[in-house]
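Residue numbering begins at 1 within each chain, and the chains themselves are lettered A, B, C and D in the order written.
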Amino acid sequence: MPANPSFENSKQVLDNGYVRLLDVMGDDSSPDSDARISTGIAARSEDQQTTLVRFLLRHKHTTPFEGTAIKFEVRAPIMVIREWFRHRTFSYNEESGRYKQLDPLYYAPNEERVSYQAKSNHQGSGDTHEEAAKFVVQWKDEQAAFEESYNELIQTHNVARELARLNMPVSHYSTFIVTGNLLNWFRFLQLRMDANAQFEIRVYADAIFEIAKQYFPRSFEAFSDYWLEAVSLSKREIDLLKQMMPSAIGQDAFTSAMPAPSPNFTKRESEEFRQKLIRMGLLA
Amino acid sequence: MPANPSFENSKQVLDNGYVRLLDVMGDDSSPDSDARISTGIAARSEDQQTTLVRFLLRHKHTTPFEGTAIKFEVRAPIMVIREWFRHRTFSYNEESGRYKQLDPLYYAPNEERVSYQAKSNHQGSGDTHEEAAKFVVQWKDEQAAFEESYNELIQTHNVARELARLNMPVSHYSTFIVTGNLLNWFRFLQLRMDANAQFEIRVYADAIFEIAKQYFPRSFEAFSDYWLEAVSLSKREIDLLKQMMPSAIGQDAFTSAMPAPSPNFTKRESEEFRQKLIRMGLLA
Amino acid sequence: MPANPSFENSKQVLDNGYVRLLDVMGDDSSPDSDARISTGIAARSEDQQTTLVRFLLRHKHTTPFEGTAIKFEVRAPIMVIREWFRHRTFSYNEESGRYKQLDPLYYAPNEERVSYQAKSNHQGSGDTHEEAAKFVVQWKDEQAAFEESYNELIQTHNVARELARLNMPVSHYSTFIVTGNLLNWFRFLQLRMDANAQFEIRVYADAIFEIAKQYFPRSFEAFSDYWLEAVSLSKREIDLLKQMMPSAIGQDAFTSAMPAPSPNFTKRESEEFRQKLIRMGLLA
Amino acid sequence: MPANPSFENSKQVLDNGYVRLLDVMGDDSSPDSDARISTGIAARSEDQQTTLVRFLLRHKHTTPFEGTAIKFEVRAPIMVIREWFRHRTFSYNEESGRYKQLDPLYYAPNEERVSYQAKSNHQGSGDTHEEAAKFVVQWKDEQAAFEESYNELIQTHNVARELARLNMPVSHYSTFIVTGNLLNWFRFLQLRMDANAQFEIRVYADAIFEIAKQYFPRSFEAFSDYWLEAVSLSKREIDLLKQMMPSAIGQDAFTSAMPAPSPNFTKRESEEFRQKLIRMGLLA
């Protein structure tokens, strides 16, 4: 297992969950060297690798990110797993409720997570925190009741596990192994680190991001810059923006704002930026 | 929607579930006509189509079965959906517990389903049926208790639906739309109609099979013959079989058992069969 | 075959190629109705469908576009097919050089296509057009020579087709059937209608776009607006833009530029636009 | 790069091609340990691993083979690449005829390969070998002519590479990187090591098999036994076989032929075999 022992390779997530890196294939120079087969030019300096990796992600040339693999073991509530497994390009192996009695682990949100939701509903109410605390107690009681029933059906009555789990709550934790290449992970992270994703899966995505980017810092930086934190304006929005702009930026103002060319912002990228601004009516 | 109104297009499954055909692209001549692009020979008689479709499935030339689409709406317990969605080549859209309060529908097995399991565990016991009935009552009580709690959290306390569902049991029904081509469906059915599949998903697979085969009778018959009901012997098993055979079948016995050539068993298939038997040491 | 006879369902492409619609599953209301299973709200007015379809594509909720299918027959030069088949989510069946002798059809670019390339190389040269004409003649001669050789090997010498094709030029036309859902087609079109795509595949993408959008006008309009003609600014570009902006637009200028709410630009979208501009430092 | 230096990691294929192992993730215990997450039972002895891996492949539980990766660099004629890239679950990066002038390497079959084809066509003819030699010379001449023309267009006339390659023969070599997991490779190998696959791709499949199995000997042995060298009998063939069998094997003959239980043929597998033989009417 090539996990670098000097990195943080596992993280606790939620009350009883975790993500744990199992294996990695390739490193941050893999996208560069796989891309270079197209042009036949041998791998070069670190700076040239950065330039190429940024170019690739900027222009959605994504195949060079596919010649890698990152494999995790994850423990998460079933409700999170249900969302996760909608990502169909990953390979999965999961604990089976047919073949084993699942461990007695359940997810219960803390009060702040609940309060936050309640507040937005009845604002100004002073007792949301207390109320939230009551909900959490109730949820834990329900989970304990299920656990007792589940355990008794299997241990005492010898009911088949595949039936005994009938009323298992989706807050129950299960464990799985997930393998994907860099592109698969980028797609997952872009959707699941988004503010619109449900909190419970977002914290898993955040943990994956932190661990994986140690192994592919250059690729993940480009991913953050071009995908995760980019802003996209539709054709209609561009047209509206043109209407409302009092005056365009002058070429001089553009030129003087441009940084000195570097692998992190090459002359080529600067020119592409200039063309975009012209197309958006922001640059005269 | 091209669903043929003279066919049975929906079926109830389990206590509160169903499968319902929404749409179909192509018909039983599609695999034939798509395959014929390879050879440039125009579509021909029904018999020739049968011959070709059987040849294609027999030799795992599966791409001609991909130029079709079959789309269903399905209501199933979450535990079944969890298994179904492991099939990653389908397209899915599912009811969302974040965006709506799910309908109060739960799966409870009937006593026979429970008894069957229990019997295999404590054989000879005379009271399994009564015991099973008690389990079913208990499960229904648990489901009613969850429903009351879920409803109160949302209606009375205004808790976000995405949290209120925390302890939703996997016996709760949800609804989804699933689209796949013939090959995707063959792969699903081969795994889920198998005797080793859990009963609760097998009954859905059986229902899909019954509805879909009305639209592609020739393709599904070939699928049954070559995939579903075929027997595969490993190299090692073949070697063992050779050892234990007292004597091989003679060519005459083979020849006289062969049916007259027909689209359902052509001369070519007969010759392939002969070669297999020789390879297995069954034919002299 | 549900191809609407009042639509243009086939187009010639290049000198000997074409795209021809074979089949369609679903229509422009399919993404709306598949998406509504999430919320359980029944299909509504045309305007509400437009609003939802635009929302879905804007936020990359792409699964509702997968419950459809569009199937084409295409004749294209092998060099184009080589690029096309890199799109791995489509289903393909192609003419086989092993099983049939391919028709004597070759692609030769017209002089303008060649001149255009040559001009950018030796600008100012007055004779590029004549030179280009010579290249075209040479290419056609080479193709005729291959055809003669290919034909003789098969017809006269009975060489196996799979070997006789050894030196078949990638300008040779081949025919294939391709099936994909709306999302698959969007992904293909975004890459292949791009100005950076090679001319020879771009004209196929353009033809597909023209035919398909007749069947899904609302979906393709949203695709054009949000994907095809959108401009994306990276985090770094946003930071640079902030530096060079002399002053932000005022809220009043924004408000007065906003169109009256409509399905094509709802209040919600207007608010999302406002948030983007603030994030980009364009709006005070 | 974890390529084991004591293994043979590259092989020449055809006249100018090769396959070269670039990277591997996982080893022969990976399928076992990924599968064990289902049951929660910790990894055990080598023998137990063999037993489990064989069980998994026998019953088509294929996901545990997906948590691995094997990456190759391959140089092959375009005609081979065209077939290879039909396998859509692999990740690919290929040399680009748009971005570089391809190296002057072509595939020409040796005379034996040609003779073999010709013989089956005009049997008894004494001069096929001479004739074949002439074809090979002709092919090489055509390739040299293309090379000269291609080179002149680019070097002398500055024609864009994307057009200059217009008549590039499919015998021209190109280079690509291909990454897949064990399951992807099994699927590829089963189709391309088959006697019906074209010779030119079969030799690549054979070379991949030889290199990869050094890293996953247990998995590849099970693959050979259950997939590659297995024989499958259709329902109809089983029915016919029953008719033609003079008498079934007796239980005693079966029992005495069974080997002593071992990881390579467990009691469970022996019982499964017995059930198959009964189902096939071979065992009384």
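Basically, a residue touches a chain if its C-beta (ideal position, glycine included) is under 8 Å from a C-beta of that chain, and two chains touch if they have at least 3 such contacts.
As the structure is a computational prediction, the values presented were derived from the model and not from experiment.
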Selected interface, A-D versus C-D, where C-beta contact pairs are more numerous: C-D
Cα superposition angle of subunit A on its copy subunit B, in degrees to the nearest 5: 180
Whole-Å gap between the CA centroids of subunit C and subunit D: 33
Rounded Å distance between subunit A and subunit C, as computed from the means of their C-alpha atoms: 29
Where subunit A and subunit D are represented by their mean Cα positions, the distance between them in whole Å: 35
Residue list for subunit B, restricted to those that touch at least two other chains: 63, 86, 92
Interface residues, subunit C side, partner subunit B - complex: 2, 23-26, 34-35, 37-40, 63-64, 66-67, 69, 71, 73, 91-96, 99-100, 175-177, 179, 181
List of subunit B residues in touch with subunit D within their complex: 58-60, 63, 86, 191, 196, 224-226, 229-238, 240-241, 243-247, 249, 253-254, 256-259, 264-265, 273, 276-277, 279-280, 282
Residue numbers on subunit C that touch subunit D, as the complex places them: 78-79, 82, 85-86, 88-89, 92, 97-98, 107-109, 113-114, 117-118, 121-122, 131, 135, 138-139, 142-143, 145-146, 149, 153, 157-160, 162-163, 165-171, 198
